[in-house]
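I'd like to ask you about the structure that follows.
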Amino acid sequence: MQKYLIEVEDMTVAYQEKPVLWDIDLKIPKGILMAIVGPNGAGKSTLIKAMLNLIKPISGKVLFNGKSYESQRRYIGYVPQRGSVDWDFPTSVLDVVLMGTYGQIGWIKRPGKKQKEMALNAIKEVGMETFSQRQISQLSGGQQQRVFLARALVQDADIYFMDEPFQGVDAKTEKAIIHILKKLRKRGKTVIVVHHDLQTVKEYFDWVTLLNTRLIKYGNVDEVFTDENLKMTYGSSVRVLSREA
Amino acid sequence: MSIESLLRDYTLQIVALGSAVLGAISGILGSFAVLRKQSLLGDAVSHSALPGIAFVFLITGIKNTEMLLLGALASGLLGTFLIVIINRYSRIKFDSALGLILSFFFGLGLVLITYIQKLPNANQAGLEDFIFGQASTLLKRDVYIMIVLGCVILLMVVLFWKEFKLYSFDMQYGVSIGFSAKKINIILSSITVIAIIIGLQSVGVILMSALLISPGVAARQWTDKLSVMVILAAVFGIISGVIGTVISSLVSNMPTGPVIVVVISLIVIFSLLFASKRGILWQYIKRRRNSRHINESRLLINLYELALNHEDIYHPHETKMIEPTSTDKTIKNIEKTLLILRQQGYIKQDYFGTWAITDIGIQRAKRIEKYGGDCL
Amino acid sequence: MSPQLEIIITAIIVSSACALLGVFLILRKMAMMTDAISHTILLGIVVAFLLTKSINSPLLIIGTALMGVLTVYLTEVLKRTKLMAEDSAIGIVFPLLFSIAIILITKYAGNVHLDIDSVLLGELAFVPFDRLIVFGRDIGPKSTYIMLTILLIDGVFVILFFKELKLVTFDAALASVLGFSSVFIHYSLMGLVSVTAVGAFEAVGSILVIAFMIGPPVSAYMLTDKLKNMLMLSIGIGIVNAVIGYQLAALLDVSIAGSIATVIGITFLLIFIFAPKRGMITIGYTRHVRKIGFAVNSLLFHLHNHEGTEKEKVESNRQTLHHHLHWDKKFLDIILKKVINLNYVTQKEEYLKLTQEGRDYTLKAYQDITS
């Protein structure tokens, strides 16, 4: 019987001398919306990249359902940072979203009618249906983010990793993302989001991980997201929760 | 030829002097190109000089070095200009623009040269020398031209030192404090093109880029200071120019340009491997030391956490107990790390071979827990 | 078949093979890798030649293609040290390998049939001389068949792995998460680029290989936003350029490779200037229109804001207006002429006044901006 969906054990990552992540032990239950929060350079993106096997850690391992990443790849979706790709790439919105189905169809085979339908549905879900034939070079930042979100939805994964999806997006996109997040949770999915805006953590998420190279605290937002813990994460000079709800 | 007679050889002195001057100025200007991530611009510029050379010859009908270099300069600058324009006003990436202009201009040069070859009474012999370079044909006059131009370039670099530094490092900031990026770019690009054109005669179109890039890359490994880097690059350029020239005259059938490139490449490889701080060897040692430190810290923490489960914090544990959560993969490695920790006094081993944490071990473990891995 | 036709057909085949791969190269920002590979394969040729003592051995193509892949690999090794940028790495690896090749040639193969000039600069005119004889029958130039085979391999690869090429090129991290090996795709692509460059090398020379691989794809990139169209257009542009370039070369009696490369360059420049959506003219024109429209609006807003206020006399005085708007006088004159022509503004003595039409337009424009 596996109690936790994701288990990170003893994860240490170092690029140069200083470790970026130090001895992270994290146990994530199924069906939560979790924010990873911490100051710049705290290793937030590195943590999810290491969990996704995109970066090789010095030590430690990650288990999904008690099994290795490789065997569970099929159930994992990923939304990279928007800036990580070249948006001048000659392709359309539909095409990018279809990429999310590639994992299911495997090498060489092409996406068919069924995949196209799934992609169109996902595009609709993020409110981009009028843009499905649009070339991606003509999208605004928020629209780009929604395309990435649709692509992840199409993957039909059980666990989603999102790297700063709220970074520099308009209000409409932010709402769309929140809507999707809540929907995903309703469907029993688990979503892990690298997040920057402390003001919205309580509103958007039900779990939070406070990270600053070391794991400061993680767990239920109401218990963990306290002034005291935030001070530990950001240093004492930051008064983060001036706007306590 | 013996070394002694070699040193007295007048032609060799001329050629070596030319190569040294070339090495120095390309090293200096190449440093900026490397820092601006425009290393391959030199490759494109040297290729785009060809049609200029051919065109001037076609019009004047004589092989006058100054005129040919002027033609090369004009078309080299035109090529640079087009690359910048294409890159700025379209979504075409810098490297594509380079490759495009490079092949376009070189192709045009070929067309002109083959056209000239078909003309009657044209004394076109030697035009192709610009493609591959022919250092051994350098005349005293050519070297004088090189020295004069070299001095001009040097003077410009000294005059505009501050601006070039700003430009290579952070031009956005430079603009914000009132410098014109465009003007600095034009000055720097122009003198870089001049340097490249000077090199064409000795090492040719294809290898010129190496002379520009390699000294800068090698110098970069030894220092973080721009002034030191530029001087070092000049020195590397001179060394490879002179050694290359000497080798190619000592050994029969050794083309000068390629030998210079091989020498400077060896300097690059040496610098990459052995430079202090940045070098590969240095980094390897540092990483080894680093990961050993991390292993030590983690083992200590593991032991500490195990100990916390007991009322007696000095409760000893068997190696086997420590293993499951540790970084080191084999028992043998763990024992090695444990021995190091014991040597440092953080833990002790009792008669039965079990391990217990000491007082200073507890202190260090607490410090690690507090500050993460930074307190190494 | 006439020799001319054979040359043209060969050029067309080479250009198609190069364009197919070139599209992915420029999208992967590896354009200058073609420059590097097309030079370093000379070392492959020399080494293979020195080992086998023959220039026609099939080992030559394989060995030489391996040298191309080695170039890519060495560049990546240097880049991965993080001690230099990728372009510096390219600029160090290829001149070194190329220099070694030239040294080997001048030292050991100087008087053999291995002429650097012809390999680098290429001579399409020689294509018809080397024939392929099957069962005693002459079926055409050898390099035409070699290139046709390579084109087929390239085509099959691109069609078969189209989806993977697209994914890996656009988003390598996602590819990795989805379980597609970008290393496999990358090295297959670069291996094929090397094979294609080697095959084309002898026929057209390295400079035309570079021109074919970069020029038509970049031209196509100016014209379309669809990957499939970009591939088709690249091939089309490559073919047209090859044919025109050959005809020009024949007419002027000059280097065929040089002529085609020149035509490729000119074609790009024309597209760069005149392309319907992304050309310089269109961009310049839309910028101009936008600037004028913007200026018209700012002028109208300005007049509207001060309409009926105490300062109206000062703010809408024609002689001083350019100070308030921070425009130069000439520009103000152009814009004024425009708004008066549009009947948005009237001028009485020195003072400017909005017409009712102008007022309506201003309000509407304001709403458009704020909504």
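Chains here go by letter, A, B and C, matching the order in which they are written, and residues are numbered from 1 within each.
Definition applied: contacts are C-beta pairs under 8 Å (C-beta built on N, C-alpha and C of every residue); 3 or more make two chains touch, one makes a residue touch a chain.
Since the structure is predicted, the reported quantities are computational estimates derived from the model, not experimental observations.
Engineer: Kindly list the shared contact partners of subunit B and subunit C, in label order.
Structural biologist: Touching subunit B and subunit C alike, sorted by label: A.
Engineer: Counting C-beta pairs in contact, pick out the pair of chains that comes out on top.
Structural biologist: More C-beta pairs are in contact between B-C than between any other chains.
Engineer: Where the centres are mean C-alpha positions, what is the separation of subunit B from subunit C, in Å?
Structural biologist: Each chain's C-alpha centroid was found; their separation is 26 Å.
Engineer: Go ahead and note the Å separation of the Cα centroids belonging to subunit A and subunit B.
Structural biologist: Using C-alpha averages as centres, the distance is 38 Å.
Engineer: Would you pick out the residues of subunit B that each touch at least 2 other chains?
Structural biologist: 91 - these are the residues of subunit B that touch more than one other chain.
Engineer: Could you pull out the residues of subunit A that touch at least 2 other chains?
Structural biologist: Where subunit A meets two or more other chains at a single residue, that happens at 137.
Engineer: Multi-chain contacts only, two chains or more: what residues does subunit C have there?
Structural biologist: 221
Engineer: Using the touch rule from the top, collect the residues of subunit B that touch subunit C in their complex.
Structural biologist: On the subunit B side, the touching residues are 34, 37-40, 42-43, 82, 86, 89-93, 95-115, 118, 128, 131-132, 206-207, 209-210, 212-214, 216-217, 220-221, 253-255, 257-259, 261-262, 265, 268, 272, 278, 280.
Engineer: Which of the residues in subunit A end up touching subunit B in this complex?
Structural biologist: Subunit A reaches subunit B through residues 9-10, 12, 14, 17-19, 22-23, 58-60, 88, 137, 212-214.
Engineer: So in the complex, which bits of subunit C are touching subunit B?
Structural biologist: 26, 29-32, 34-35, 39, 78, 81, 83-85, 87-88, 90-92, 95-96, 98-100, 102-103, 106-107, 110, 116-117, 120-121, 207-208, 210-211, 213-215, 218, 221-222, 249, 252-255, 257-262, 264-266, 268-269, 272, 278, 280, 283
Engineer: Over in the complex, which subunit A residues touch subunit C? Could you list them?
Structural biologist: That would be residues 52-54, 73, 76-78, 80, 84-86, 89-92, 95-96, 99, 102-103, 107-108, 110-111, 135, 137, 151, 155 of subunit A.
Engineer: So in the complex, which bits of subunit C are touching subunit A?
Structural biologist: 27, 160-164, 166-167, 169-171, 173-174, 176-180, 221, 224-227, 229-230
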